[in-house]
Structure formats: structure tokens, C-alpha cells
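Below, each structure is written out as C-alpha cells.
In the two complexes that follow, subunit A is the common piece, with subunit B as its partner first and subunit C second.
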Partner chain A sequence: MYGPPGVDVGDTADESVSTGDGSARLSGRAELVPRLLVPIVLVVVMAALAFLLSDNVLLTLQEVLALAVFATATNLLLGQAGLVSFGQAVFYGLGAYTVALGWLHWQLPFWATFVMAPVLGALVAVPIGLVALRARRLYFALSTLAFSELAYQLAESRYDFTKGANGVFGTFVPTSLTFPRTGYLFVLAVTVVSLLLLWKVNHSPFGLVLRAIRENRDRMQALGVNVYLHQLIAFVISGAFCALAGAMFVVFSQSSYPELLDWTTSGEPIFMAVIGGMGTFLGPAVGAFIYQFGHDELVRYVSDWQLVLGAVLLAIVMFWPEGLLGGLGRLGKILRKRGGNR
Partner chain B sequence: MSDDILLSARGLRRTFGTFRAVDGVDLDVRRGSIHSVIGPNGAGKTTLFRLLTGILRPTAGTLHFGGEPIAGEPVHVIARRGLVQAFQATNIFPRLSVRESLRAALVSRHGRTRDLLSWSQPAMEQEASALLDTVGLTRLAEEEAQKLSHGDQRALEVALALAMRPRLLLLDEPTAGMSPFESRKMVQLVQRLAAEEHLTVILSEHDMETVFGISDRVSVMHQGRVIADGPAREVRANSDVMAIYLGSEA
Partner chain C sequence: MDLASFITHLVGALSTASSLFIVAAGLTLVFGALRLINLAHGSFYMYGAFLATSLVAWSAHTGLWIALVASPLLAAGMGVVVEVGVLRRLYAREHLTQLLATFALLLIFADLALRFWGKGVRSVSPPPIVQGNVHLAGAPVPLYDLVIIGAAVIVGASLWLLLSHTTLGWKIRAVVDDPEVLAASGVNVRMLYTGVFALGALLAGLSGVIIAPQQAVEPGMDAQIIVAAFIVAVIGGLGSITGAAIGALVIGIVETVGASWAPSWASTFIYLLMILVLAVRPWGLLGTPER
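Then we have the complex of A and B:
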């Protein structure tokens, strides 16, 4: 279902290696090379940008990359498992606070807290998932929203521990990462590894089971799958990567504050997935680019940028519900079909 | 319980408020047989199927499958034991391709649903291809399930159940909504599976030609109870059953 940009729902990345006969497998391996070429070139170009772009743009790109991981991890639930969670900000904020509070209270080194963030995200996702996944559809979304509000209120009200509404600001990131170029390259490296891992999960037997559950939960249960357990695993994986994205946020912002935990922050990766295409693997990441750069441009000219965002989202939902990459993928398929018919 | 009996229900009951949808059903299903459960609408057939597969919990009674008690166990546990249903309403994965749908079922049977990092396995793919061949869907393998005809969707439904290598296959009205041609194909498929795979089948069906054409035994339900049970020939000859439930169709 998921694939590289331009591959829409219905195509699988390992389709060509999975037909079972030897020749198809060989051709699958041959196809793998051009498939790998595109992401490799993309990563090289992204890395080269570190030496071409201004510091301001590199800082924005760091934020975009953190949001890309946040959106892709959220889309594991949204696009893959069909679970609309308004609680992923809990993990995003938790990742940021892990780095900030580790430094503030225990003087923990950045590298230790950066590694701890996804582990804590996964651990916290277990009890939240256990409770929220008892509910379905709207009630699941509302449960996760409630957890988000709970986390936000906790962070805001416990001034002694979290510095309340002011948040935590400080020099908890190593000096080498505070330079826009090195910070960008570090965040890019973490993004590449994160997206590779999430891509692998999406294309694994587990990913297929999640999509089947999304399509027909009861049927999958009747085929011997413990739906609750598999959704919980997806929730935990998503929580871990959302927390990692939160820790990445700290690299360029050098701060952590309660708004990161708010449910409106949970809405952002959903917007990004809708814009880029939640039915494609890279759609949410592309959505993050469009959302963040679009936002930065919009605020220069329009004070009520949310109005424009709302209008854009409405237009996408009504006229291009598959999002940018999903729509392009379908367009490509139609053109290929027409070409084939000639 | 005899070794010959694969599924046994004793005093199985399910009530909804004061209404007894299934009321003290006794049922023995022999290994390798095709056992039909018939009765008019509202007789309790679908509720009985739901009790057997674990979708509903019985209010009272016992249920043994392969000698093990299964009453009250979750659906996925009963399915993993080998009691698998192909549903009455087409119950597929609309936006998955036919092949992906079968892969999902096979991944479940092979216990690889929590496998997060592996590539697909050629052996499993060969199994998927063989299943596609069995139900005649090879040419439609890459089509989205929602785009198939009704008959092909029912064939996929059966293939999904077969992917679990069931010991007992429950078929709830497998020919409902099918054209005569599709119905014949489905009946032939069920007969072939029972003969070649030694599969035990419980069948719920309204078409009496189908029922008496392929069944070894028939149980007749009425108002939640089994009112007649025996070899198909005997039940067919039962004048009370004929008069009340089968009418002129038989």
C-alpha cells in the first residue's frame, strides 16, 4: 500500500519480489536499484543543502525534518492503522521535555536524554494505548485528545518541575549542534534513519496486518489476529518516534514548553498527512515541508494564516482527498494505462 | 465424546433480554463431513454460527472443538484453533488487492503478524498463488478486492478462510446473491475441498437443492431449537420438516 513518492495505494514496494517464482524475484532485485537510487540522491541533495543554504533556512529545515518524523510516525496510526489520534503531541512534548528536564534537574548529557526520549515515549505509550484503544473511532480520538489535555495541564501547572507556562530554555544542546549547519546535518541523519525504520515497519508483515485491520477489523480478528495487541504495538512504535521527533525539536529550538503537548499540536501532523497524502509513505513528510514553509511565507503577508490553512485543507479534502503524492500517483497510473493502451 | 466428532455443542443457549435466539442446541459435527444447518429466517442459524466462532458468548451450554472447550474464548483464539468462518455478508478488505488479502491471512496463520522487519517469504507467496488457483482468482490477483464481482468476492471470502488451513470451515449462505452459474461453481468448490482436503464443513444455506445435493447430515432449526437432525436423506424424507420448513422447494 505504501511506497515511494508517486506510488499510490494498491502498489507495494515489495510487490515485484513477492510473486513466488524465481524470475520475478530476480526482476524485483533489478527494480530495487532504481528504487533505491531516488532516495539516495534525495538524501545526498538534502545533505548538500547544508553548504548552500542560509542559516535561517537551515534552521527552518531542521524544524521541517523534525515535523516530517512527527508526521510520518503519526501516519503509522492514521494512514496505516486507520486510527485518528489527537494525542501524539503527548509524545512529541515528552521527547522535548526529556531532553530539557534531564538537563535542568539532573544535568544529564544531551546524548543520553536524546536516546532516552524514544524509550520513554514507548513506555508512556503503553498505558495510554491500553486505555485509549479500548474505544473505537471517534471515542478513540477523544480519549487521545483527553490525554493530550491532561499532559498539557500537568506541564503548565507543575511549575517547580516544568517551569510551568514559561517552559524550559537553556544550553542543553552541545555547542557543536547549535551551529545551523551541523545541527541540520545531525537532524537530517536522524530523520533518514527514522524514516528508513518506519518504512521497514510499513512494508513488513506487521504493516500489512495493520492495513488489513484498518480495512476490516472484524474480519482480521476472525482470521486469528489479536487486533487490540497489534494496534497497541503500532501505538507504541508511533509514540517512540513522535518522542524522538520532540527531542529533535529541541536541537534547533533549545526549549521545551507546554504548547508542545497540546492537542492542537497533535493536529499538525494530521494536517501534514492530509496535505501530502496519508496513503503514501512519504506523503506526510512532503506535507511537513509544504505546511512549514507555507506557514512561514503566509505569516509574512497574512495575519490570520489559520484561515488560509483551513481553506487549503478544505480544498484538498474536497478536490484532492488523496493528498499531493497520492493524487500524483493516481495521475501517473492513469497516464501509464493510457500509454499502454496506445 | 467420540474421536469421530470434531465439534460438539450441548445445551447451547444465547438470550437477548427475554428472547432466546438459540435455545438449548445439541449438535455433533463429524470429521470430514458436510453438515448443513437449515431453517427459516429468524430460526437462529446466524446466532448459532456466531456462538461457534466466538463472536457471541453463550449464555449457557458447552462447546467443544477437537475435544477442547472453546465456549467464551475470543474470536482470534478460536480461529487459530482451526475453526474459521466465511461470512454471509461479503467480509473482505476493500482496498487491499486480492493477493494482499491472502497474504494478510497467511501471515496470521504462520504466526508472523508481529514481524516488524522481514521481507516477504517466497514460500508464503507460493501458498497465496496456490490458493488463488484453488478459488479461480489468479487472473484477478492484483485487483482491489472492492472491484471484484459479488461471486468473486465470495470466492475470495472462502480463500481467506482456507488460508487459515481450517479444520472446520463455517460457510454462512455461500451462494447468497450469486447467479446460478456462480452458485454452481461455489458448490463444486465446497465439494472439492471436502473431498480433496478432507475438510469438515458446516453450511448454512437457503437453497435446498444445494443443501441436499452436497450435505452428509442436516440439522433443522426452528425458533432457536434443533427440531430434526440426521443424514440428509432422512431429513429430506421427514414429512414434518418438509411441510413446515422446506415447502415446495424440496
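Then we have the complex of A and C:
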């Protein structure tokens, strides 16, 4: 992704480029049915869970789904464009604050602010992207981190507007969504639509250009591709979906607070993507499940949640850099090859 | 503003700048030689400060003086373990991998610190010799502020001497450009990397002790200082010690002026300033563009 072609990520990158190619060439219903089968079964199972699981688990799942969208949107930059942003929490928090502050100051209905959140996210992403994308690699990571801290400071110090460190609490979520089951189904529906749209972006010619820029920026520039513009568009799309994820999070939390904007919050979706595998599309979402459920289970038994998280992350980064899905994908490939040889 | 209050403010700004400089110098030194952003730098700083509070609790009179040696050594030791155990295996990989590894270390060290020192806020007072105020041109100035400024000058001067007037210094400056040629000319590059990383950690530990009498020592100070150190290093240009000094001065002045004019906006100014610098010169004032 960066500098010299990485030993490990390079491989998954090739894979993702070729699947992007392959999906365009795929034709015939025989190929199409199994491709659609997995996502459809997944969605049906997820929807059925609403009637099987306890309220507590459904509430956790609401948060997990918001984080899954957050992580998948962040991975558009991380895994596809090769841009490490430590500033995606700006948009996540912005989405949450859009709902909360719209209700607090102007009594805007939830549905209106929920739709406004991604629009605002996209609008705010334009100036931030224009500035941050002038820098590259580590400097990009650090300037997005600065934006995250700026947003955090603003939310914390502008007490009259944001209620400062206390955050905004209130009844801005419609009563119908405060029931665990309806809230879960609503968040699930938004998640499915978001992931479909992001999948479209990944598998569009635009997504292919992003990956090509990641692999060889100079060559794409020489080919006449406007690198800056392509990365800016990716940043804006990611910002919009991160803001939507933030608005989804409000359904679960029914509050908005400055920590949502902090740079350590920006680190969370990166964690999730790394755990699940940032070279794959569903990896970050799977990572979100593991991360949040791991967190909820662990804090019950041990106080050192961060210690375990840090150790797991370190182990993955050092020894299993493709993440869970990336590793499984490679395993599947090897098995298939063996089967073919027989 | 009369002369007395100007001097008080100036010393305050210089003391803020000095403590920031010592932290940022270590960060930027490591980046300059290893091209590595160490998010765990704040952990070394925090451990330095925590160890100082423990030593003072053990011996009120001599504790801080012992800490002045012990804390940097502890931090340097942690640095060696981190470099040899983790980072050395990741140099061939991309920047993100190294960044994430140090982020993971930050989390691990933060929880371990909770185990050792608990959640409470700790404080130490400066040694009796450097307590109280002195008067400079009629202005009361905290003596400990002058100590911090003096420490920063010593650290800055030593680093300058090391980097520009010793063989080790030119090796450190050369290794970032071409480690292979350096290795071919008989330099143990692996040792050099470990040494530079340990030196950066040592500076972080040192700054932890020096700052401990002035600030609350508590969990979370690691993530806080790392952001401040980044701002300083990024404004000045990552990898440049002079840049870190300039960045620290700028932040010290902006913070002091901001705190007296518009207290609730002071920290916002700092981030805006950093973003402004990055918008004009994305690689910082004295940095070089990334290739």
C-alpha cells in the first residue's frame, strides 16, 4: 500500500484488483445466483435474529451495525485508496451531533436530521479533504488527526452550542425506534443499503482507479488521471457514510458526546478493518462484530480490556496482517487449488 | 501590558515551549532516523512521570533527583524492548503496520500503568531548592519554570552537538537516506536503530520527570501529550530538531497569548494553526516533502 510493495498486503491488493476486473466480465445466471445467495442469506438471517435474540444482545447489535458501517466506510480510504485517516471520527461525531443538536436547538425531527447527517458529512469532508490530501502518507494521517482533535476541542469548549463535555442527552430518537427490536431492524436496513452502495463504489471503475492509484500513484498521474480529485471524491464518500454511521449510533446511544470525535475513536474503525482484513470488503464489518462483542464479553470478566485489545492487535499486525477474512480467503484458495490438482 | 507582566507571560510561554520541545525532540529524532511515527512515545513519557511520583513517595527529599536518572533509564529500557521485540520485525513493512503496532503498544502500556499505579491523580512538588519565585526585573517568575527552560536548552544543545559534531551523529543522519550503503561501510545499522529509538524513549522519560512537578500525573496523559508533541513536530517539520524547537516556541506563545485573551478558544487556535501550516506546507516549516 505504501512505499515498497508490501509483502502481505500486496497480495491481497492484487486479488482485489482482479476481482474488480472479474466482476465486470462475469456473465450468465449460473454465476450470478451463488454471488447473490450469500448476501441474501446473510440479510435474512440477520433480520430473523431480531425475533430470536434477547433485548440486550439486540441493543449491542445496533451499536455493532453502526460500527460496521463506520469501519466499512473508513476502509474505502484504508483498504481501497491506501489512505490512513485518523480523522474519520470527525464525521462519525458530526453525524451523531447533527441528530442531537438539530433536536436541541431547532427541534428538527429525527428523520430529517438522519437524512441530513450524511449530506453534512459530505459537505464537511470537502474542505478537510482539500487540505489533508495535499499531504501524503504519514503527513496525511497526522493532519487528519489534527482535524479530529480540532473537532473534539470545539465540541468540548463550545458549551453553549454543544453542552460541552457532558454531551447532549434527550428524547430525539422517535419512541418507535427506542424498542430494541424495531431499532435493530431499522439500523439493519440502513446498514444493508449502505453496504450495498459502498460495495457498488468498490466495484465501480472509480474503485478500480483508486486501487490503481494506491499501487502506483506516479503511473496513474502519467496516464492523465487526476489523483487528487479521485482521492477527494473517495474522502467525501467515506465522510458521508461515516456521518451516517454516527447518526445510526444515536439510535443506540440516544446521546452525543465529544469523545465520539476524538482521534482514538478514529482509531477504532482502523482496528476493526485490520482485525477483519482490510483487503476484503466485508472484513471491516466482521471486525466490528468481533471488536464490539469481544469488548462487551471481556469487560465483564477482566478490567484490562485495552491490554487484551492491544495484544490482539499487535499479534494480528505482526503475524496475520491479512486479517480474518483475508486469511480465510487465502486458505480457501489453497484448498481449491489442491482440489483442482487431484 | 507593563514590563513585569510581559516577563511573567514570556517565561510562562518559554516554559510551556520547553517542556513540549523535550517531548517532541525525541519523537522527531526517531522519525528523522527511522521514518517511524511512534504513538507509544507518550507511554514512555507517562512511565517516566509515574516512576518519579513513586520515587518521591518513597523518599520525599531525594526522590526526584533519583528519578532524574531512573526514569530516563526505565524509558530507554522500554524503548529497547519495544524496538527489538516488535518494531525491528516491521521495518520492511508499510508505515501503517508500524503505526498500528505502536498504537497497540500505547494501549498495552496504558493498561499496565493502571495496574502498577492505579487510576488516581498524583502530584509531586519540585525539590525545595527550586521551589518558589524569583524576581526578574520586578516580575515574579516561578523558579521551576526556569529549571524547565534550562533543561530544554541543555537537551537541545546536546542533540545539536550529537547530530552535527560526532561520528554517531552523522551515522544517525545518514541511515535514513541509505541504510544499505551505511551497512556496507561497516556500521551496525540494527544497533543504530535500537540506539536511536532508545535515545528517543530516554528523552520522553526525561521529559516525564521534568514535567511531573508542574502537572497532574494521571492515566491518559500519554494520549494527551502525544497529540501535543505531534503538533509541535508537525508544525516544525518531522525529523528536524530545529523545527521541533520552532514548533514548540510557536505553540508556547500561541497557548500563552490565547489563554490570556480568549481562554476557551486557546486550544482551538493551536489546531487551527497546525492545519494552516499543513495547508500551506504539508511537510511542516522545516521538513522535507515525502518522496
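Criterion: the second predicted complex is superposed on the first by the 313 of 342 C-alpha atoms of A that agree within 3 Å, B and C clash if a C-alpha of one lies under 4 Å from a C-alpha of the other, contacts with A are read in each partner's own complex, and residues count from 1 in each chain.
Rule of thumb we're sticking to: contacts are C-beta pairs under 8 Å (C-beta built on N, C-alpha and C of every residue); 3 or more make two chains touch, one makes a residue touch a chain.
Everything numeric in this text was worked out from a predicted model, so none of it was measured.
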Which superposed partner A:233 touches (first subunit B, second subunit C, both, neither): first
Partner chain(s) touched by A:135 [first = subunit B, second = subunit C, both, neither]: second
First, second, both or neither for A:219, with subunit B first and subunit C second: first
Touching partner for A:321 - first (subunit B), second (subunit C), both, neither: second
First, second, both or neither for A:167, with subunit B first and subunit C second: neither
Partner touching more residues of subunit A, whether subunit B or subunit C: C
Doubly contacted residues of subunit A, that is, touched by subunit B and again by subunit C: 1, 9
Residues of subunit C touching subunit A in the complex: 37, 86, 89-90, 92-97, 99-101, 103-108, 110-112, 114-115, 223, 227, 230-231, 234, 238, 264-265, 267-268, 271-272, 274-275, 278-279, 282-284, 290
Touching residues (chain side subunit B, partner subunit A) in the complex: 53, 55, 74-77, 79-80, 84-85, 87, 91-97, 100-101, 103-105, 107-109, 112-120, 122, 125-126, 128-129, 142, 144, 160, 163-164
Complex contact set, residues of subunit A against subunit B: 1, 9-10, 12, 14-15, 17-20, 25, 200-201, 204-206, 208-209, 211-212, 215-216, 218-227, 230, 233, 237
Complex interface listing, subunit A residues touching subunit C: 1-4, 6-9, 78, 84, 131-132, 134-139, 141-143, 145-147, 149-150, 153-154, 157-159, 263-264, 267, 270, 274, 303-307, 309-311, 313-314, 317-318, 321
